[in-house]
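Both complexes shown next keep chain A, but they swap its partner, so chain B is in the first and chain C is in the second.
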Partner chain A sequence: MREEAKVVVFCCNWSVYPGLQLSHSAAPTGAKGLVDPIVTMCSGRVSPELILEAFSQGAWGVLVAGCPPEECEHNGNYKARRRVLLLQNLLAQMGIEPQRVRFESFSTGESAKLGQTIRGFVEEMRGLGPIE
Partner chain B sequence: MAKPKVALYWCASCGGCEEAVVDLAEDILKVVEAVDIIFWPVAMDFKKADVEGMADGEIAVSFINGAIRTEEQGEMVKLLRRKSGLVVAFGSCAHLGGIPGLANFWNRETIFERVYKGVPTMDNPEGVLPQTRTAVAGKELTIPEFWDTVHTLDQVIPVDYYLPGCAPPPDLIMNAITAILEGKLPEKGAVLAPDKSLCDTCPLADSKPEKLSLKEVKRPYEVILDPEKCFLAQGVICLGPATRSGCGERCINACMPCRGCFGPTKGARDQGARSLSFVASLLGIEEEEKMTDEEVEKLIDQIPDPAGLFYMYSLPSSLLRRRIMK
Partner chain C sequence: MAERIGVFVCKCGPNIGDRIDVDSVVAEAEGIEDVVTAKSHNLLCSEDGIRFLQEEIRKGGLTRVVIAACTPKQYEQKFMRACEGVGLNPYLLQMTNIREQCAWVTPDPAQATAKAKSLVRAATMRATLQEPIEKKEIEIHPDVLVVGSGVAGLEATLTLAQKGRKVYLLEKSPCIGGLGARFEEVYQTMECAPCMLAPELQEVLQKENIEAITYGELEGVVGSYGNFTVKIRRKARYVSEEACIGCSACFEPCPVEVSNEFDEGLSKRKAIYIPFAGALPNVPVIDEANCIKLKGGECNACQEACPFDAIDFDDQDRIEEKRVGAIILATGSTQFNPSSLAQYGYGRFDNVLTGLELERLNASNGPTGGKILLKDGREPRSVAFVYCVGRKEKGHCSGICCMYSVKLAHLLKEKIPGVEVYSFYTDLCLPKKEHQRLYEEVVEKGVEFIRSNGSERVSRDGKGLVVEYKADSTSKSLAVDMVVLAPAIEPNPDTAKLAAILDIPLDERGFFSEEHPLMKSFGTPLEGVFIAGCCQGPKDIGDAVAQGGAAAGRILSRLIPGEKLELEPIVAVIDEEICGGCNTCISICPYSAISRDEEKKVAVVDDTLCRGCGTCVAACPTGAARAKHFTNEEIFAEIREVVR
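Showing the complex of A and B:
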């Protein structure tokens, strides 16, 4: 049996999670069974250390979902965008494909887009396989 | 009462930690009065067999500096561990991997290729590489195996305490020795230095703005730094916010930004990730709402070597530990 892609999704409590709650599901439509998103209080709270921890424990990819520009109450989304970009550069130096970490933004109502993005991301990670 | 026995040993290191012991100056006389140095290859003539001949636990404390990257180093530190009551990882390399740990961006094969074939000053037409066993005149010569990966001391043996720094400063060394002699040690696993960030004790901290924004990143050689002003506020990355205090702000006082040799403060799992985190947070905050993805990318790319910068002293101790070689 082929090993399923191990993907970690961090979801912002304010933009992404309300949509998930409305759909009464831990995962967004279209991404059920693929991931159990981890809810964080803001994408700006997803520390690079946490992302590296996920990789060191066997994650194939990490997706950080936050608010679109101008929609974050705390401007944490901008911080997350910068951290993920810098982390991508660092991962490349460590011999890890930079696309294994990604920042994407979603508005409250965009549960379908989230589901689609997660499916696409999982598909991409299947293509890459596990690290090493 | 017999004096406590002390061993000092070096592994993958530059010798600076040995210098640090000598830098105790007159205080070293107090140390020698209080303890019996039974093993210190850099300074005194003792052999491995002398250590092997000791009872398990007979050495009160071994101070071991350097990272672990050869079979011989692995064997020696295991021996010292068995013979010692306490083991102190002495200096950045034993603590975090240090500068030798940067070799984890490579492996044995690529390092040997470069050092024994690639460097312009190498004259090695037959391309001979070090071998663990070589037959010479009917005899076999052996040298220890060189590992692919550099390790911190605690990845090879259990470590009781850590004395951080490249190299540890004399006052912290004396404090540690006094604490050991007086039996006043903190909980096992502790780093024997203050649990504060360097910024907390930095003489330039007053000039560090409450709300800092880095509009651009300059490298130290590109600017003449004002020695009186926080380096971050001058647009040069200083790792003080993510580094433990206790060094005496040596680099800061020499007008150089901190590169993190004291390691992170308590609780951090990955010093580089912590540094990356605060640097990315500060970059372009002021204009962040207006910046396009491309502009942000350009700003981020002003740090040409993030892994080398953020893991300058701690790559082997990081969550990823090394680069994956394909």
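Showing the complex of A and C:
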């Protein structure tokens, strides 16, 4: 088992991923741990099984990053948000801290917020440690 | 058969090379199953780099390519073309970003290198599972339907027609030109709007490849981008467009008088009428709701008066079908009716008008021939404008009311020497480069601006009106002859009907929802259906024209006669063997791209409409829906490697 926190970030291809690309100045730098982005065409594509797979493979936390309300071309962000909320309930029932999965929204230009959120999330996961 | 995978790690000069141990990443790649070549290059996107890549693909007989370099947003297309150039399907390439995602954000070189390795492993495992995707192309129909003939629709129509496209311009009212044709002068140039529009309107009516269908409605649409069939209702006009020369001999004898909606009800018209002097096409229409003969009574007055035998009481609505490749909706907006807000007295007190009513009073082809008069025929000596009427109720700034109110204040000052003009406002919204100037001019001319923050109440005092308001925390009142309200702009009542016909969404205010508020304000989520002008949201003439042009340009660049339309290759597919026919995907698809095959009782994706967002894939309870290039297996492989 790794020492560092392992965090998977699902990035939407249109707003979040380009934002992440711009973010090297304000970046997830300094996040103590490994943060890996996985790109999907829309946050609406992120099904619970993708998130659960990440956990079963050893991720400490999963951040689903989509467009802000009103800005998703596919309205997939609303669906992703609802799915994450449901999944949080399910995780709690399974004895896993629900805060290990989180939905956040970002505009392309919000790379500073993106960096900050990822850093904060990694810190939180460090506090929780790996899933028992 | 095992894949032959090539992994190429770009140093990006010092950008990656100095911060990541590229050699050890290459060594890591060499150890992955099925990798037959792993190499680094100093600058893979350079001409030399592309040659190197192509040579390696050829030489190694590679069946999969992984490139670890910069962001795919920058050069993925270039690398995909390079693969295609040597016969490798471009979707068998996988890029992973070790510059923005590693080198630039991870200061510790050891950590950055470890991360680059894990990303390369993930991309390689993913690449193994990737499948070739063929580009799909469909035959298209290059003609275009434009709905609405205001400034946005006109610009779209003419832009398309100038390139030789056949355009059907469908207009609900009997004449073309929209709201703009009813203004006398426009902000901020104070140009005469009918004169500004006249050449465009003439061109629309005369150009051979434009078919202007006035007094018509869109009844139905089937098909998709490139191949729509639209059903148009041509309402019975009862006057032959061919025979009529527009002499207007028929108006006088008509015994019916009703209020004229084109003058905001401020004038009367006959049952056979043209909306206003100068309206085009210059052919009257008989209003069947009010015509004595059409209601079953005895009257032939217009028919007897017509010297050209153009009146045809047997005329009937006709339904026509047209085939078009794209549709532009430019159906405009309407004005919020302020009579629901009792504090303004609109509809109860004489001489409380809306801005549009004052526009018509000011228009030389309007009810008073351009004289601004009170109900009793006197000239007003004092006028109060009230801004932002209904802004709070509607929840949006309409963005044009300040402009036209300033304009009308200016016109009042010009037309009626010595008139006192007051403007009660909350916020002034005059954002464009020339917009402040006219405001400064009217302030100089003595128009008084009072910041009353929506506290205005209008009451009657004898023959006059009183505006009570609060300013600087003090209650005050002002007696005036006329009050002009600036009501919010709201969607046209037809907007919801059209949205239902086309199956496109409305926003929470009831305007058409745009594909993207900034980047594609003229697009809708439905491919091939565009929006322009105030039907997308309140805007001024300049912005409406720009959107009309943008929508037309988008069509001209993608829907080209003789060329096939290339479809988005990354789409969803539904496996009919697995599909249980639950319809979940149909209900959540944002593009209405999924329909039900009633015979097989399964869901089917229409490639021409799908944009590959994958929402259906995530929702499908049986796993029948698959997103090409983003399958569960591909994403699982990626997750496994990055989390390992």
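Note that the second predicted complex is superposed on the first by the 116 of 132 C-alpha atoms of A that agree within 3 Å, B and C clash if a C-alpha of one lies under 4 Å from a C-alpha of the other, contacts with A are read in each partner's own complex, and residues count from 1 in each chain.
The rule is short, and it goes like this: contacts are C-beta pairs under 8 Å (C-beta built on N, C-alpha and C of every residue); 3 or more make two chains touch, one makes a residue touch a chain.
None of the values given here were measured: they were computed from a predicted structure.
Which partner chains sit in contact with A:Ser47 here, chain B, chain C, both or neither? Use first/second/both/neither.
Touch partners of A:Ser47: chain B and chain C.
Please tell me which partner, chain B or chain C, touches more residues of chain A.
Comparing touch counts on chain A for chain B and chain C gives C.
Looking at the overlay, what does A:Glu123 touch: chain B (first), chain C (second), both, or neither?
neither
Considering only the touch criterion stated at the top, classify A:Arg83 as touching first (chain B), second (chain C), both, or neither.
Both chain B and chain C are touched by A:Arg83.
Once chain A of both complexes is superposed, is A:Gly95 in touch with chain B (first), chain C (second), both, or neither?
first
Just chain B (first), just chain C (second), both, or neither: which does A:Pro37 touch?
Second partner only, chain C.
Identify the partner contact of A:Asn75: answer first if only chain B is touched, second if only chain C is, both if each is, neither if none is.
Touch status of A:Asn75: both partners.
Considering each complex separately, which residues of chain A are in contact with chain B in the first and with chain C in the second?
47, 49, 53, 70, 75, 79, 83
Which residues of chain C touch chain A in their complex?
71, 73, 97, 100-101, 104-107, 111, 114-115, 118-119, 122, 515-517, 525, 570, 588, 590-591, 611-615, 617-619, 627, 630, 632, 635-636, 638-640, 642-644
Touching chain A in the complex: which residues of chain B?
These residues of chain B touch chain A: 105, 268-270, 272-274, 276-277, 279-281, 283-285, 288-289, 291, 293, 296-297, 299-301, 303, 305-308, 310, 318-320, 322-326.
Quick check: in the complex, which residue numbers of chain A touch chain C?
So the residues of chain A touching chain C come out as 6, 8, 17-18, 20-21, 23-24, 27-30, 34, 36-38, 40-42, 44-47, 49-50, 53-54, 57-59, 70-71, 73-76, 79-80, 83.
Spell out the residues on chain A that touch chain B in their complex, using ranges where they run on.
Those in contact with chain B are residues 47-49, 51-53, 55-56, 69-70, 75, 78-79, 81-83, 85-87, 89-90, 93-96, 131-132.
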